[in-house]
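Take a look at the structures below.
Next come two complexes built around chain A: one with chain B, the other with chain C.
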Partner chain A sequence: MGDMTTFNIDSGYFEGLVRGYRSGILRRNDYHNLVECETLDDLKLHLQGTDYGPLLANDPSPLIVQTIDERLKERLVHEFTHIRNQCVQPLAQFLDYMTYGYMIDNIILLITGTLRNRPIAELLPRCHPLGQFDELATISIAQSPAELFNAVMVDTPLAPFFSECVQDENDLDEMNIEILRNKLYKSYLEDFYAFCKKLGGTTADVMCPILAFEADRRAITITINSFRTDLLKDDIENLYPKCGILFPEGLKYLKNAEDREEVRRICERFGPYKDLYNGVGDGPNDKTLEDKFFEEEVKMLMLSFEQQFHFGVFYAFVKLKEQENRNIVWIAECIAQKNKNKIDNYIPIF
Partner chain B sequence: MAEKETYFFRATDMQMVEMFLSQECAYECVKELGELGLIQFIDLEKGTNLFQRSFVPELKRADEMERRLRYLAAEINAEGIKVPIEYEIPPAPNSTATESDLETMIGTLEDELKEVKKNLTALRNSYVDLMELKQTLIAADIFFRKGSGSLWSVPTNSYSLEEGDEGGRLHFITGVIDRDKVGTFERVIWRSCRGNVFVKTVEIKDEMTDPDSGEIVEKNVFICFFQGNQLEQRVKKICDGMSCRVYPCSEKTSRRHEVRDQVTTRLAEMEDVICQTQEHRTQQLKDIAVDIRSWIVKVKKWRSIYYTMSKFNVNDTRTGFIAEGWVRTCDLENVKQALKRGATTSGSVVMPILNTVGSSMPPPTYHPTNKITKGYQVIIDAYGVATYQEINPAIFTVITFPFLFGIMFGDMAHGLFLFLFGAWFIYKESYFDLRKHLLDEIISMLYHGRYIIMMMGIFASYSGFLYNEIYSKGVDIFGSSWRMPNDDQTYTSSDSVTLDPKYDYGPPYYYGIDPMWILSENKLTYLNSYKMKLSVILGLSQMTFGLFISLSNYRYFGRVLDIWFTFIPQLIFLECIIGYMCFLIFYKWFFVDAGKSNPSILITMIDMFLSIGSGIDSDDKFYEGQEFVQLCLVIIALCMVPIMFAAKPLIEKYQRNKDVADYEALSYDSDDEDLEEREKAEQAAELDIWVNQGIHTIEFCLGVISNTASYLRLWALSLAHSELSEVLWDMTMYYAFEWLDWDEGGCILLIFIFAAWAALTVSILLCMEGLSAFLHALRLHWVEFQNKFYDGNGYKFLPFSFSLILENEENLEEISAI
Partner chain C sequence: MNPVVTDENVFEVLDKISDYEQLLKELCTIIQDGHILLSRAQYDLGYSAINSTYLPEPGVHEITPTSLLDVSENDRFSLHSVKPDPKSGVRKRKKGGCEDKKKSGDEKSEEEKKPSKTKLAEDPLNWFGLMAPTSLIQAQTRFKSAIERIVEISNLKQELQESLSDFETLTKDLQKKCDVKPDETNED
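And then the complex of A and B:
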């Protein structure tokens, strides 16, 4: 009730906006047409007929996939910042939380890049624009997670997520970066989860399952990726975000898993993930586990639009739009390389 | 009905045509048709994707050219070049050959401009570099001069020691950083170097332009002091990350001044070069600016021709196209001529063929308009475009709309202002027509409605004259016909006068309302009753008129059943109730003597229905035999209801059954299942008919009462308007005249009071009230008038016409004009 009576005072306009944006998301029909394109210029011609309109009108042909990717991203960022710049608390905080994920990705990208001796000027344009912040560029001076925190991150909103890494004086090598990423993500997800819980109402109802799913997805991915490493079981457990459905029982089993088959058995014990492994395999018609996760996520995000007066739609919109961008870029990539065998591997949204 | 007269009231006759165009002449023919704007092509390739149609390459080329033109236009605008607003619209390019000339030319121009721009940006970049170096050197002076004080004392000591002892030596880095990054920069340095680096910044006073974006940016010069190699690496990394520019700078003042002098000379040199390049570029852009609009038009036309042709069906042998479209029947000959011209220009051997064909699709609606009727047609179309060939209400609206508005807005002065406003727009028409895109949304709406506004002004002034109202005051033009109750008494403004027609009235006032009413106590009672009656009479007239329009439609479309069982019962129902009321109104005006009896119309009407057939007191009676007449009217009116409801569906059903019987008599072998299904569908359809008919009947019967009541808004709004303006006068000007002391500067105060009164008059009485009266007039037309006859299920005739396409061309509008 509380949501219904007061939500629109502060956030109704933005929900309206985002629902408007949502209706611009491409339909199956559009994808069918896109897939039929022969060249990227055809793709441009078809996109003109959709909500994207003159998105690519000012780019000289021949187009390249990178331009398309950039324009799509620009547009999403434009729409997101338009809402972010106008909204008030707590929606502003919620949207900021959404950008933290991108900030973490950017940090990791830069650290990995510097480790490989790439110049920072080359790396910066590759960062996701939603995760930009002033200190980002100075990350290259950090040699260890502790230093990273003390010198760069302490003033940023990401500082609380570093709580577990403050003492970490290890050098940043590939492995440690991966661990750092997962630790940051874990704190971030748990914090975001708690924040949504605190907001309560429909927002919590919608967002918590989505974030729980995200948490479990990370836990499963971490497990699978850790198979051939010398990580200790307890260290692995430390990386699991503790806000998913798998927590606490499933995670306990998961940390001891030794191969994919075992992970699969553990997942199948939990209702929501029962069908996750259906159709997963290495065959030509099988899908990867990653794709199945994406599909599942898209389904959840789509459903969040069925309810009103909550912040989940903002999260869902950005994520769905990202998925759509991935789809378009995938199709464009297939067209550009004249390899249409796998062009149907996109994940349709509506 | 005769054919000719339909053109005025009804949509122009449309004809579906089919054309066979050979490959060679198609382009030229479409071009000719586009210049004339005669035909609305139908998309014959609806199922096909845009990029699968013929002429995709041409469309893509057009897109590319438009992109280049947009780039050129943007550059011209950025440079602030303006071109005269008038320009000649060039014809569409003749053939593809000349078009590719234009294409290459635009291409080269774009490349040239880009090249020049690149050079210019590079020049500016190095210019900014030098500027920043100069600023750094200037700022360094400040740093080091300050340094002679306490802050600098420690470092100077270490300088004197230096030489061999590298570790103790103090190094520094100078550079330039964006001002908004200074805070982060200082913080990051402080944190990452644990406070061992001393940072100082100075704001650069001069404005710097970013060479890439051309925006003005603010920057600071910074200087960092530190010891040791490690810190140096670190600071350099941070500078790198924050995209600061580091400039070398000597610690020796003399050396710095030397460099500064060099830099200053080089800056002066560069300024010259930049200036020349810029001039060259501006000249180039100016040359382009002269022609660019004609290029845009050409490309647009070229593109639209191919776009239209992509709607055509390619015939099987791929030698030509089949096109279909709607043409006004009267234009058929012109289309033929255009095709012939097209074929001749292209030198095609195969002549294009034009056939008229039948079509099951409803034709589009086209009403010819002129400057005056266009606004009204837009109002009607906003409700719904007329179904093909039903009577177009816009023509009547030209008069009735401003008239009803005037009744609600009756004031001579207010109407005059409205008239002048509209007339000014009309006077400036030729100026505004060229600059339509410069008007903002609201102004442009007013501009498009200029004729409506002017006419509304005329009618408002006229009804103001009838009401005898100018700023709520009356004017005595013909001399009042009232005598004061006591002729010898002198009246002051505080006395109230009640006018009683029994005693005080002479011969009637010549025209409109007698000015004496303004002073009278019972002014409102009189005016309200008068205006209410007027509203009902006008309402009845307009509704009856609407019904007769529906009769004309029924006759035109040959719907005989509707004439007998819809129109006639509706008319009788309306006239028996509201018509009778209006009869009573007139009767009372003409025959009832105020001195003797005073029967109430309202009560009579209520009693007529609530106590049917009962007797009426002689005091309340209008005429002899009133009871009988009223009884008859009620019975007739009520009898009309079932006729309206049931007659048409019953007769239609009877006819259908007869048809089916005939059909079944012909076909013996009908399947049982088939029959059952058909019966089910028939039943559903029949239910549908009955529900529809029921809704229509109820709507009409209730509408007779509610629509009449709705017309009372004429009275209500007019009352509100005159009351508002009276109150406004009383609260401002009246007080001013009454209470201000003229000797003690009262007249100065009057200026302000007048200003307040004038401002409120314009904002409330003219704008707000005007808008409200406009909306109410709109509603009366859309609902009360049009629901009697208007179907409004048509769609507009939008021919393929270059002038229509160019009207909405944004690229043209973007070029700033003088």
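And then the complex of A and C:
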């Protein structure tokens, strides 16, 4: 794939659509206007002047931040679904792969909610619309990963990712749910990576580094968070996706790391992550590690648009729109809480 | 004994009022920071990962407090943290599946009759999963220090009330003495 002579036959129109959507992403001027707003109604007014147009027109005042988040998500889902409904293989399968991550999050949300005795009617609206599938509402009947697989997941697209978890007869308590989430995501990421590699061409050149970065991000985050748990080193290692730059040596070092300083030293040994910790700290003007990851991700996603005739632009568009949604919701939260000290802590895309 | 209202009494009350206002401002700032950090955690993970779905339900879940408040004899509050049970840490648990299956029907029915509460992880951070972002951990720290401030403010408020009460008593006694004195001079 990625051949300039054949790509446009099936996917040229969709690439054009995505590039059109991309041009509607907010610029720095737009963010400056949003940051100056005093109320959420001002924010709504300024958003009308952007590509969003009358996004919030039907929502009466007073607005709440959650409404803004829901509308932004609906817009993204609408644009994604518009492309997905019309495209053919292999782009259709590529777009389906993009939705599997949201499906995993929805499954975990439902299982956790059931564990907390929440009714299913309360939980289903909280699920991400991109991760909806027919069997979602029946998740709550499962008591263990094996039961979850045999009763519910076996006929869904996520069935191949359950291979590592299906042997697990442990009850779905909160820790095992978290382990299930990370194992599923690991399998999904590795499978997505293999699929992109198989597609080859520019798609593989663009997508494989992005997915490798995602894998390494998860490995580093799991390691840092594992310091406050009693998880065994072997259990932690089983959660690391193996499609990143850190595999295999970096993951071995991460597995044996004892504190955050050691994780920092390990990252500095690997070229792409050498400067990852610059500016990271606990001070008021320091960035968090999550912010640095988001910044790096945005840079990689923007670069993907510099090449043509590949599927990476679709992935990049969805992730960049998600980042934009996060930015707008963050600004809205600062306005709603009347705390503008950190309102500039968003990550601009252009 | 002649009641005397000195400058020190006045300064003591004013200092306590000033400290009280300062602590209230700090409390407001800490709670504000905590809420903005919670919003940041939602920024990092999304609304679906940080919301009320993950909170325990009273009456259904057994929630272990992380701090306890002691009240001393002179009505002063003090906070001390509860050490988590080492056996209840966040780790992968093995199910005692075989033992459960071998239980007799009578034992099972007795257990089913008792309404059992599900025990959740003691550290509330773990309710939101393994991948809790830095901002959520910072938010927890801020809210914990907010509780400490509240205890300090309560104690200071009591001291202030006691000082004000003493000051009022002294002032009234002095006023009474001043009222009595003109009568004494008239007699002279």
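As a working rule, the second predicted complex is superposed on the first by the 348 of 350 C-alpha atoms of A that agree within 3 Å, B and C clash if a C-alpha of one lies under 4 Å from a C-alpha of the other, contacts with A are read in each partner's own complex, and residues count from 1 in each chain.
Note that contacts are C-beta pairs under 8 Å (C-beta built on N, C-alpha and C of every residue); 3 or more make two chains touch, one makes a residue touch a chain.
These numbers come from a predicted model, not from an experiment.
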Which superposed partner A:268 touches (first chain B, second chain C, both, neither): neither
First (chain B), second (chain C), both or neither touched by A:337: second
First (chain B), second (chain C), both or neither touched by A:237: neither
Touching partner for A:152 - first (chain B), second (chain C), both, neither: first
Partner chain in contact with A:295 - chain B first, chain C second, else both or neither: neither
Which of chain B and chain C A:137 touches, first, second, both or neither: first
First (chain B), second (chain C), both or neither touched by A:221: second
Comparing the two partners chain B and chain C, which touches a greater set of residues in chain A: C
Chain B versus chain C as contact partner of A:51, first or second or both or neither: neither
Partner chain(s) touched by A:179 [first = chain B, second = chain C, both, neither]: second
Complex interface listing, chain A residues touching chain B: 33, 36-38, 41-42, 45-46, 48-49, 57-61, 120-121, 134-135, 137-141, 147, 150-152, 154-155
Touching residues on chain B, where the partner in the complex is chain A: 49-52, 56, 59-60, 63-64, 66-67, 70-71, 181, 184, 187-188, 191-192, 234, 237-238, 240-243
Chain C - residues contacting chain A, complex: 32, 35-36, 39-40, 42-44, 46-49, 51, 53-57, 60-61, 89-95, 97, 118, 120-121, 123, 125-127, 129-135, 138
Of all residues in chain A, those that touch chain C in their complex: 66, 69, 105-106, 108-109, 112-113, 115-118, 122-123, 126-128, 144, 169-171, 173-179, 181-182, 221-222, 225-226, 228-232, 235, 282, 288-290, 326, 329-330, 333-334, 337, 339, 341-342, 345
